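Presented sequentially are two complexes of chain A, the first with chain B as partner and the second with chain C.
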Partner chain A sequence: MRSTIARLLIKRIFSSLIILFLIITFLFFLVRISPGDPVQKFVNPTLSPKLAEQVRESLNLDKPIHMQYIGFLTSAISGDLGVSYNFRRDVSSVILEYLPFTLLFTSVSFIFQMIVSFWLSIKSVKKINGLFDRALSNITLLIYATPVFVTGVFLVFIFSELLNIFPSSGLSSYDSADFSFWARLTDYIYHLILPIITLSLIEIAIFYKYLRDNLEDVYNKLFVLNLRASGVSEKDILLKHVIPNAINPLITIAGIELGIMLGGTLIVEVVFGLPGMGRLIIEAIFTRDYPLVIGCSLVVSFLIIFSNFLADIIKAFLDKRLLTGSLN
Partner chain B sequence: MKNRFKIWQFLLLIWIITLLIRFELLINTYDLIFSWLILLISDLDTALSQISFDLLDSMIAGILFIVIPLLSIIYRKKLGFLYGKVFPAAIFLILLITCFLFAPLISNKNPDFYKNIGITKLLPPLSSVQVLHFKNDQNFQPSESFEKFLFLKDKVVKKSFDESIQYLDSISTGGKIIYYQNGIGKEANRESLLLRVKDPFITKQMFILGSDQFGRDVLTRLIYGARISLMVGFGSVIISLIIGLTFGFLAGYGGGLPDAVFSRFTDMLLSFPIIFLVVLILALFGNSLLSVIVVLGFSSWMSLFKVVKTEVLSIKEKNYFVSSKLLGLSKKQLLFNEVLPVIIVPIIVNVIFQFGNVIIAESALSYLGLGLGNNYPSWGSMIQSGQEYLSLAWWMIFSPGITLIFTLLSANSFGISLSRKLNPRLQND
Partner chain C sequence: MIIKKYSLIIIALLLVVGGCEKESPVHSNRVVVALSADITSFNPLFSFSVDEGVVSELLYLSLVDFTWDEEKGNIKPGPMLAKKWEWSKDSSSITFDLRDDVYWSDGRKFYAEDVVFSFDVYSDPGVQSRLYGGFTDFYTDDENHVNVNKTFEVIDSFKVRINFKPNSTPTLPEIIFHIIPKHVFENVERKSIEASEENFKPVTNGPFKLAGWDKNQTIRLKVNDQSFLHNPNGVSEIIFKVVPDYNSRLTQLKKGEVDFVELVKTEDIPGLKQVDYLNISSQKGREYDYLAWNNIDYELYNTNGKIKPHKFFGSPVVRRALSYGINRREILDEYLAGYGQLAIGPVSPIFKGVIDSGLEQYEYNPEKSKQLLESEGWKDIDNDGILEKGNTEFRFKLFIPSGNPRRNYAATIVKNNLKQLGIDVTIESVEMGVLIDNMYKKAMDAWMIGLYIAIPIDLKIAWYSDLEKTPYNFVSYKNAEADKILDEISEETYQGKLDSLYRQLQEIIHRDEPVTFLYWVDNIVVYNKRIENININPLGTIHHCWNWTVRK
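Here is the complex of A and B:
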């Protein structure tokens, strides 16, 4: 048993690595064949062409494309993703500066989404087709149809412009450097409430729909009737029997959505002007910072693959029958 | 009462309303088409050199305005949906498609029209502005056919500027006519004005949904923005349909190596946030209407691929498929005669949801400034520019935002009701 698990894990990791390799290869050539020259940003046309050649050489752009690719791969294997053209620093150090925010932001909103959608679906499944249930299913349909940036802009208008409760953009107040630690922490939280709600609303709608339908399905099964007839309390039925049976499909969805969110905070970061991976990538793309584009894409793809993988593993440990199926 | 309202009655209502409101414009349009045809016969080169997008747009809208009702009357037996009942999603979608086809007829302004920004900028909804009309050569009687064509073109095709009007705050008509714009008085020559008996001819123009920071009418831009959204939606969905269907069929039918190759490729695209890929390609290779459509089409076929592949895998084992394969049907025949009729329902439903996703993606791209640029109004870019004026002009974000939400809601609910209607298993429940 243990050896089959190990074999399946290795197989899975290997295929993930192949996908990562394909992605960076694809992006490498896509970026290199695109029109536009990153050297021009640094070199004034009035300066000598020799200087341009020097810059080109310093950016490793003077070699033929396949040589560049081989050089890139060999250094990437040793963990060196090159030097960012804009930041003039190692790509990995730039990414490490921006990644913690995205990870924190995504995981906090993920936990928030899970709690809210669980609470809502349990509440609405208590009285199926009741007022709460029907109202919520219509609201989730509405939220599902609303693009994230529209939600964001509307929320900013309502809460920042009209009610003036939350700040409309940025991560901290302009004078936050003078604050004490706790004041700075509350300042951060204060600034992050609207972005987290914006990012979470659509995911809550998705999770809610899946969870509610699953819970309803399980509640209609005969074993629940049997438990009720045996006099098990409703709370025990819900906690010990219904939720464990309903949670499995949710974990797959959660893994996929977590991956999408890790990359998809882009729009929220742009709406609220937050310093995260999404904005870093956009900036890198617009300024033709080739190493940074590829490095960021690699990290984001890795996070997505990893979260799917994690979801599969959690699911397999909850339900041993799935072990061979889901890892394969 | 409400339940008896049929879709064809609703369409007729829209048609009659448009006819009544834009009667003069329609007559001019048909006159224009007629004079262009005469020009085409007499002087081919001049006629072709006069063609521009706006001219063609107006002429096609004018032709379709007659042709579509006629065709739907002739083929009414085949168009079963015309006899269906009206429901909210259908109303909204019909309105959108009407905007898509007849934008030059419905709106009375060019979407980029602006004049006297100081007065017209950031006007709230339902506010109206006084307009002073100057004389132009309206009474000019063209003699030649080419002159007549130019004269009509001037009337029909809306321009982004108009020299014959002035927006104004107030006007004093004593001995001299002085009109005030932002506190500055200007004297107007009585001879140069259009006069009604003795007084200058002043009308009021209403901005129903307000105006933006350049004094452009938000409603007109919304109507024209519907074109972009729908065009990108239809275009990319068709591309993704073709790719998803072909790849899915090849992977499901071929099995083995093709299956592995296509599935890995799909996995690769799915494990990378598509929005980054789209942004990357558009930013690196330039953004135009065509590139947006193509890129969105190429990046949204994955779910369709999975649907088609699984369906083909199950069909492949069926007896009828095996026997028709043994009869010697080609791959193309197998796809179109044996597979498509069976999987058409999940495909249609998938395509409708895809349509909504593509519209979201397009508006998000426009919001990021990667849509079609500033050449053409789009809902996403309207919201983007509205965000800068959030504290001054809420209508600049709410009108496009709510339109966008309604569009996606109606696409979704249309997809859901269609899948219920087409799926026999769900119907029996």
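Here is the complex of A and C:
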């Protein structure tokens, strides 16, 4: 059994690496053949066009595209993703400045989504087709259909502009450097409430829909009726039997959604002015900072593949019967 | 129920604690300026963006300071690091007498050696600064690196002479930039300067010094009370707050979270006028929008470098007809609502001594436009509503940058106006980077874009015929007469003669109408009324902000 797991794990890691390789290869050529020239920003228009060629040479853009690709792959294998044109620093060091925020922001939001959607769906299935259940079904549909930036702007308008409860953007107050540790922490939380709600609402709607339907399905199964007939308490039925049976499909969805959410932070980060990967990617694309675009895409792709992988492992761990199927 | 109870308590606590710590900017002597994007370096060698230039201006000083002379409509030099300066009689050298009371933020004194070192580094090909390649009046080597020994004479610690190469016409604005500290960068390998740590912990000598940088959030500058520019009654702290979303910038302005926002859209002005503690002002005459008509057949030029007039826009008569056929005043009145003025050529009305006020606008006149088009052989022979000349129908694509409501609006008016003349226009909205790339490649028939003009005035970069040396001549305008005047301008230093040459040039450009000049667009600035002594002028919206005061 152990050797099977090891073999499957290696196979899975190998296929993930191939996917990563294909993604960065595709992106490498895509960003270079798409229109736009990264050199123009650095060349004073009053100067000779020969200087543009010199800058192009310094950015390694003068070589044929396949040579650039070989150079990029050779460096990437040794962990060197190149130098960002805009930041004039190693791509990896730039990404390391922005990544922790996105990871933390996404994780906190993910936990928040899980707790809220769990709580809502359990409350909902307690009385299927009750007022709460029906109202929530409609509300979640509305939230699901609303684009994230609309939700963000709407929340800012209500809670920041009209009620003046939360700040409209930023991660901290500009004078937070003068605050005590706890006050600074509170300041961060205070600034992150609206962004977390914005990022989470749509995911809560998705998770709620899945979980509620799964719970309802399980509740309708014969074994639940059996358990009830045997006098098992409703609490035990829910906690020991219904939830474990309903949670599996949710983990797969959570793995996929976690990846999608990493992309979704992009909009939230721009609307709320937060210093994360989303904004970094947008700036890199608009300024044609090729090494940074590829570096960011590589990291985000890795996170998506990793979150899916993690979801499969958790699923297999919860139900050993799924082990080979999940990993394969 | 329990969750509900605790969540309410937590939220209440957060609000109380957060609320307690928040200091309202209204009661402080600090000013918060909104930026749309963070900067990437504090080193003036690499201040490529406008925002980087703004921040480095507050941290570093130049030899000479420039202010805007409203009356003459030109820049006026004044002392800064240099107390005074003197040109030699033949303008082949200039001697600067430097201040002896300037200190860098690490306590070291500023010397003439810093000046020499700065010229050396700015022109070093290994550094590739923003000014690299621009030292054309200096003694340089083959790679445009200034020859320090031939160029500079350090007379004493506070006196330096710059010698220019023979037959050059140096001017003060061309040789003035922010001086950097020699003692900080002399031991850094030139190629490593762009990535060095010193760029983020800058040693400066300006009216402000860096107090903190929370990347992508805030840049805090505190007043440098050792500076000779220090104003005890002025602003004590300037905070640049990065707010990428335009609507968030306005929300924060209304809430008092930021004090100063620029590039405000005209459609937001009525709402902002309702807020009684906001002032609305504008910087005029730095940017104009134009409709670019490719003067040449770009496909032929890109294939073999040959020049042939464009099938539609090659004739000045057709271009004038297009200008007559577009109702620019409607766009100006409807969209810009008073925050702009009609453009008549590439010279901004702010240059009062240079602008040729005798030129006549191409006022909207569809009948005249039709006559001119007909005189050039464009007629609707088959009565399908589209003009023809031989087998060619007058239809083309107009490219505009996406995400710009003003240009969207203007493009629609242009399309409708030209349709009435029998010209079929298809609007293509593309991302700005793509549009600019196509402009450099000369790969479009027509497009609409804005141009941010340089101070001092510089027309050669856009209107000189040598297409290889004039990358901003996107429409490939060619006129030998204009070239001759532009060459004369490059060699002339007497202002009276320059003014006359510029007027002649404007007449030629107006006659040829290489593009349809639409309008000068104001940079609308909205700020909190508690900031006083603001002087918004063509040199910048927060230019000389060390003179700002805050009403208590």
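Annotations
Keep this in mind: the second predicted complex is superposed on the first by the 323 of 328 C-alpha atoms of A that agree within 3 Å, B and C clash if a C-alpha of one lies under 4 Å from a C-alpha of the other, contacts with A are read in each partner's own complex, and residues count from 1 in each chain.
Note that in this section contacts are C-beta pairs under 8 Å (C-beta built on N, C-alpha and C of every residue); 3 or more make two chains touch, one makes a residue touch a chain.
In this text the structure is predicted, and so the values were computed from the model without any measurement.
In the three-chain model built by superposing on chain A, chain B clashes with chain C.
Looking at the shared chain after the overlay, A:Ile122 reaches neither chain B nor chain C.
With both structures placed on the common chain, the touch criterion links A:Phe286 to chain B and to chain C. Once the two complexes are laid over each other on the shared chain, residue contacts for A:Gly36 go to chain B and to chain C alike. In the superposition on chain A, contact of A:Pro147 is made with chain B only, not with chain C.
In the superposition on chain A, A:Leu310 makes contact with neither chain B nor chain C.
Greater residue coverage of chain A by touch, when chain B is weighed against chain C, goes to C. Of the two partner chains placed around the shared chain by superposition, chain C is the only one that A:Gly273 touches, whereas chain B remains out of contact. Legend: residue contacts after superposition of the two complexes on their common chain; A:Val156 is shown touching both chain B and chain C. Contacts of A:Glu97 after superposition on the shared chain: chain C is touched, whereas chain B is not.
Stretch 384-392 is the one of chain C that runs into chain B, the other listed stretches 42-50, 168-176, 186-194 or 384-392 having no clashing C-alpha atoms.
Put simply, chain A uses residues 35-36, 153, 156-157, 160-161, 168, 270-271, 286, 288 to touch chain B in one complex and chain C in the other. Note for the complex: chain A touches chain B at residues 18-19, 22-23, 26-27, 30-31, 34-36, 141-142, 144-150, 153-154, 156-157, 160-161, 168, 259-260, 263-264, 266-267, 270-271, 281-282, 285-286, 288, 293, 297, 300-301, 304-305, 308.
Interface of chain C with chain A (complex): residues 3, 11, 14-15, 17-18, 20-23, 32, 37, 40-41, 46, 48, 125, 128, 130-134, 194-195, 212, 214-218, 220, 239, 241-245, 247-248, 251-252, 254-255, 257, 431-434, 436-438, 440, 458, 461, 468-469, 471-472. Across the complex, chain B meets chain A through its residues 264, 267-268, 271-273, 275-276, 279-281, 283-286, 356, 360, 363-364, 367-368, 380, 383, 386-387, 390-391, 394, 397-398, 401, 404-405, 408-409, 411-413.
Chain A meets chain C in the complex at residues 35-37, 40-42, 44-49, 51-52, 54-55, 58, 83, 86-90, 97-98, 119, 153, 156-157, 160-161, 164-165, 167-177, 179, 182-183, 186-187, 189-190, 193, 270-273, 275, 279, 283, 286-288.
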